[in-house]
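Heads up, the next two complexes both have chain A, just with different partners, chain B and then chain C.
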Partner chain A sequence: MPIPTLTQSIVITLIQCLLVVIFVFVVVPLTVFAERKVLGYLQQRLGSTRVASGHVGITGWMNRGMWKWGRVPVLSYWRGIPGLVADVLKLILKEDILPAKADKFVFFIAPALSMVAAVVVFAAVSFVPGVFFTFPKWFPYLGGLPVSGGIADINVGLLWILGVASVGVYGIVLAGWASNSKYPLLGGLRSAAQMVSYEVPLALSLLAPVVLSASLNFGEMSARMATGMPALALIPQILGFLLYLTCGFAETNRLPFDMPEAENELVAGFHTEYSGMKFGFFYLAEYINMTVVAALASGFFLGGPWLLPFGLQGLLNPHLPAFLSWFGEPHAIFFVVKIIFILFTYIWVRGTIPRYRYDQVMSVAWKYLIPVALVNLLLAAVVRCFAV
Partner chain B sequence: MEHFIETIGRNMFAIFGVMALGGAAFMVGSRSAVHSVLGFLFAMLCVAGCFLSLEAEFLGMAQILVYAGGIVVLFLFVVMLVEMSKKKEKAVFQLQSRHAIAVALLGAAAFLGVFRKVLFGAASPDALVLRPELAAGLDVAKQNAQAVSRGLYADYLLPFEILSVILLVALVGAVVLAKTERV
Partner chain C sequence: MFKNEEMEINLGPQHPSTHGVLRVKLRLDGETITHCRPMIGYLHRGVEKICENQSFFQGQVWTDRMDYCSAVANNLGWAEANEKLFGITVPRRAQYIRTMLNEFNRLASHLIWLATHALDIGAMTVFLYAFREREDILDMNEAFCGSRLTTTAFRIGGLREDLPPGFEKMVQKFLAKFETCLEEYENLLSENRIWKKRTVGVAKLSAEDAIGLGVTGPVLRAAGVPYDIRKAFPYAAYAEMDFEVPTRTEADTYARYLVRMAEMRQSARIIQQCMDGMPEGPVMAKLPKILKAEVNEVYHATEAPKGEIGYYLVGEKGSGNPYRFHVRAPGFINLQALPKMAEGALIADIVAAIGTLDIVLGEIDR
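For the complex of A and B:
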């Protein structure tokens, strides 16, 4: 295997960054679309169907047929997809309004901060252990070089993820302050308090995998959590997963914890004064954060690139017959499927659970989640001490 | 190209250091308190970059996590609510220049003393290690977290615990101060 020079390795890293950005910008619009549709079906309506071009009219025709037939059309899953293009165009083309008394610099920098903090987390996420693919020999400049499954699988990856995620709070707080208006400020303050509070149980719930796997490296952690755990470790893993997912919902400001933008109390929360692509950045950042939380949950608890969640893969692998060995190996496709499943869970929960009151949000974090997370950590330590 | 990138890589510490100084200068110089916090955040992130360029990943990440992610957010939380639109409040913050100069000079003298020792004093041949058997087989460049935890929990356990008690005292003090007004 040839060893890349410094310039080549930088080019490879840039290609990896590009791949991750493409992945994110494919998943995010589809999540937006899925949110409309799934939420629609959860609430017994059709979701977005209005913007559907004549070229995909076959579903429209089938729909009409089903109405005539006396059935509610369920075949219209992809009607409304052109609406996504319309949405993006609207965000880009809309007038960018700067409030007269806003702090211009901070108003400008806030959306960028939350967007950057959301994307940069992916640097430490390892999608598949080892080599993702190798450039073919004929490829100019990079022929025969391997591309690893993560951009920078550093040995303190988890700390990088937690640190950058906590920098994401600034975007929201500063946006609320810079707008120089009451509702955004209230929304920003609420979100700062909420996100700082929920970071504690979030980090504590992630400490259980750290204790169990004795590593801070994302790839190593997901590999050991998926394949190297005893059966006893199931309890802290499942409990930790539920804790992590709850805190993840709160950290990304999704229902049932969407305090910063509780629309019947705060208009639109911290981004009330934002318009055009600046608002678009907040919108994107929210969905990218959801993807990040999904990636971490699937990496640490759901077995990452391995098929089975919660370390069941390691228990199954010795008994796996040879012709099924493909299912015993790590594949990026499993990782992506798990991310998509958790994104679906987000929408599912949004359609199912009503919003908490603000004091309830805080008491959930401090009175219930943190003690349970500590107990979970203790369980993990006991398992680590006696079973591993 | 190769040479250029290598040069940049070798001088990463200086680059981040200069950027951190720029952020600190912005923090001191800006009129708006929130802008100051932003400068502080930038300086903290650059200091984390300095740690990274010295192959101390754990410290760099801890820097981001603790300072950029925790402490500066709380600063921002307080500073946002301090509205310095009234002239009198502004005057309070601007009429302390004489004290400020005195404090700055004092701080500079203290730091110069430390720096003189660090830069020109004789370096000790080995780090102070109380239990060397724990360090056996530890690759510090690759096992940052393990090396730091060995330092904290084996070599310097007592000072570390005393420091944490001091932090606890500060916490309790803050609660007491906040509570007494209400009763």
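For the complex of A and C:
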């Protein structure tokens, strides 16, 4: 295999970045769409089925098409997808209001901060171990070169992920503060306390895989967690998964922990004063964060690019007959399917349960999640000592 | 160096969970409410004064527009107050139909309460489930009197029309599925840990305070006082109905939730009894073309879904209009309890308190 020169590897990294950004910006609108539809069907309605523009313009054209194709039963579930185009157009074209008493610079920087922090996490996420694909020989400049399954193969990937993800809190806190308005301030205060509290059990629940796999690299961790674990490791993995998912809900401000933007109490929380694409950035950041949490949960607990979750793949593989060996190998598609499943869980939970009160959210973190996470860490350590 | 300051904040008049245009002035210490004053009047239209300038027949239209979620119950109170004023006896069949429609209205109003209360606490699916059933009730309103929300369902002396053909079928179809629908809501809420955490012990109002503030309806019954005008001073056909008055003693938001859910079951029972025992006969008493009052005054109270709605009417000799008209609106009186419920609680609790009081601003501001 040829070794790329420096410029070539930079170009390859840029291509990887582009692919990840495309992935993010395909998954996020589809999640928004799925949220409308899934929530709709959970609540015995159809969700969005049409867009405002009717018969003119791009959305009108797509809309007509959708209604026409919608006569095919399966396609009818996709009705309303032009609404996403209309939504983005609306966000871009809307007036960008700057409150008179806002701190202009901070008000401007806050949405960018939460957006960047959300996207950058993907740098350390490995979608598939090893080579994702190889450029064909005829390809100009990059012919024959391999593209790996993650952008940056960092040996402390998990630290990077946790570090960057916690920068996202600043976006929310600063937005609440810079708006110089009362409801956003309350939202900002809430998020400062909530997200800092939940980082602790979140990190503790991720320490269990770290202990079990003896690595901080995303790709190595997900490979060892999926294939190299004894049967005893099931307990810390399942417990850790539930803990991680709970904390993930809180970190991304989703129901039942959506304190910073609790609609029925704080109007819109920290982004009450935001409009236009600045609001759009917060909106995007929330969904990207959801995808990040889903990607981490999938990578560390659900077996990443392998088929089975919780390390069951490693137990199954020796018994797998040869003609089914495709299922014993890692594939990016499994990874993506698991992400989609967790995104669906987000919506499912939102449609099912009410919201905690602010003080209860805090007590859940400190009184229940942190002790359980510590016990889980201990379990993982015991398993590591005696079984691996 | 550090200054401790309380933040003053307006909850409303434009706010997702103040059920219209209620404005609550809050003083917050962090998230704790230290001071709470409801400010009303954003929807004031002067209903009482308008009614004094209209004939007795016309006034009913305005009662629709007070508590627009329970228009039928308001109509019933108005019609009966006038009948009391003029000494009119209403035919028995009309009484039964009134009772039935009133109970349907109680269901519709309680469903709205359940929907908005659950949405305020964050359970958004219950909201749409409850609206699904309310839709059927509104369809029945439409079949009976042509409009869905502002019904003007009754006339002084009885009803304008008998039940439309096929109405009985609609009622039976509704009653057949309603119990399972109630179970559906309860499955989502009753034993839900988060729902219980948000409601048990929240916004307490003891029986003494409730009586002292004049609070009526489910809020009073959840404090253990079995006061229901349908039982205490029976009107329409309630004396002939067999039903219970559900009460709880915990006096908190969860108790009020349970009381209202039990009341919905009782309402369904009353509707079934009305359908089974529906007498034959006319639906309208003989009335003169123009009602002219003697000097006379009446106060007539009925049990609206939200509490005691009382109509005070004064007649003037030889006049076709009421001389004085006053409404004792349950929402208005119940709202007095809000500071008592909310002070010392957290900001999320005031949202639960407003929801559990089940206020409608059209009635409070009139």
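Assume the second predicted complex is superposed on the first by the 363 of 388 C-alpha atoms of A that agree within 3 Å, B and C clash if a C-alpha of one lies under 4 Å from a C-alpha of the other, contacts with A are read in each partner's own complex, and residues count from 1 in each chain.
Here, contacts are C-beta pairs under 8 Å (C-beta built on N, C-alpha and C of every residue); 3 or more make two chains touch, one makes a residue touch a chain.
From a predicted model like this one, the values you see are computed outputs, not experimental measurements.
Once the two complexes are overlaid on the shared chain, A:Tyr358 sits against chain C while remaining clear of chain B. Of the two partner chains, chain C is the only one touched by A:Lys182; chain B is not. With both structures placed on the common chain, the touch criterion links A:Asp87 to neither chain B nor chain C.
Applying the stated contact rule after C-alpha superposition, one finds that A:Glu329 touches neither chain B nor chain C.
Contact with chain C, but none with chain B, is seen for A:Pro256 once the two complexes are overlaid on the shared chain. Note: residues 185 of chain A belong to the chain B contact set and to the chain C contact set alike, using the contact criterion stated above. Against chain C, the residues of chain A that register as touching in their complex are 39, 42-45, 182-183, 185-186, 190, 255-256, 258, 262-267, 350-360.
Across the interface of their complex, chain A is touched by residues 1-2, 5-6, 9, 32, 34-35, 38, 41, 45, 57-58, 61-62, 64-65, 68-70, 73-74, 76-77, 80, 142-145 of chain B.
Within the complex formed with chain B, the residues of chain A that make contact are 5-7, 10, 103, 105-106, 109, 154-156, 159-160, 162-167, 169-170, 173-174, 177-178, 185, 188-189, 192-193, 196, 199, 216.
Those residues of chain C lying in contact with chain A across their complex are 7, 9, 15-17, 28, 31, 118-125, 127-129, 132, 188-189, 192, 194-195, 197-198, 346-349, 351.
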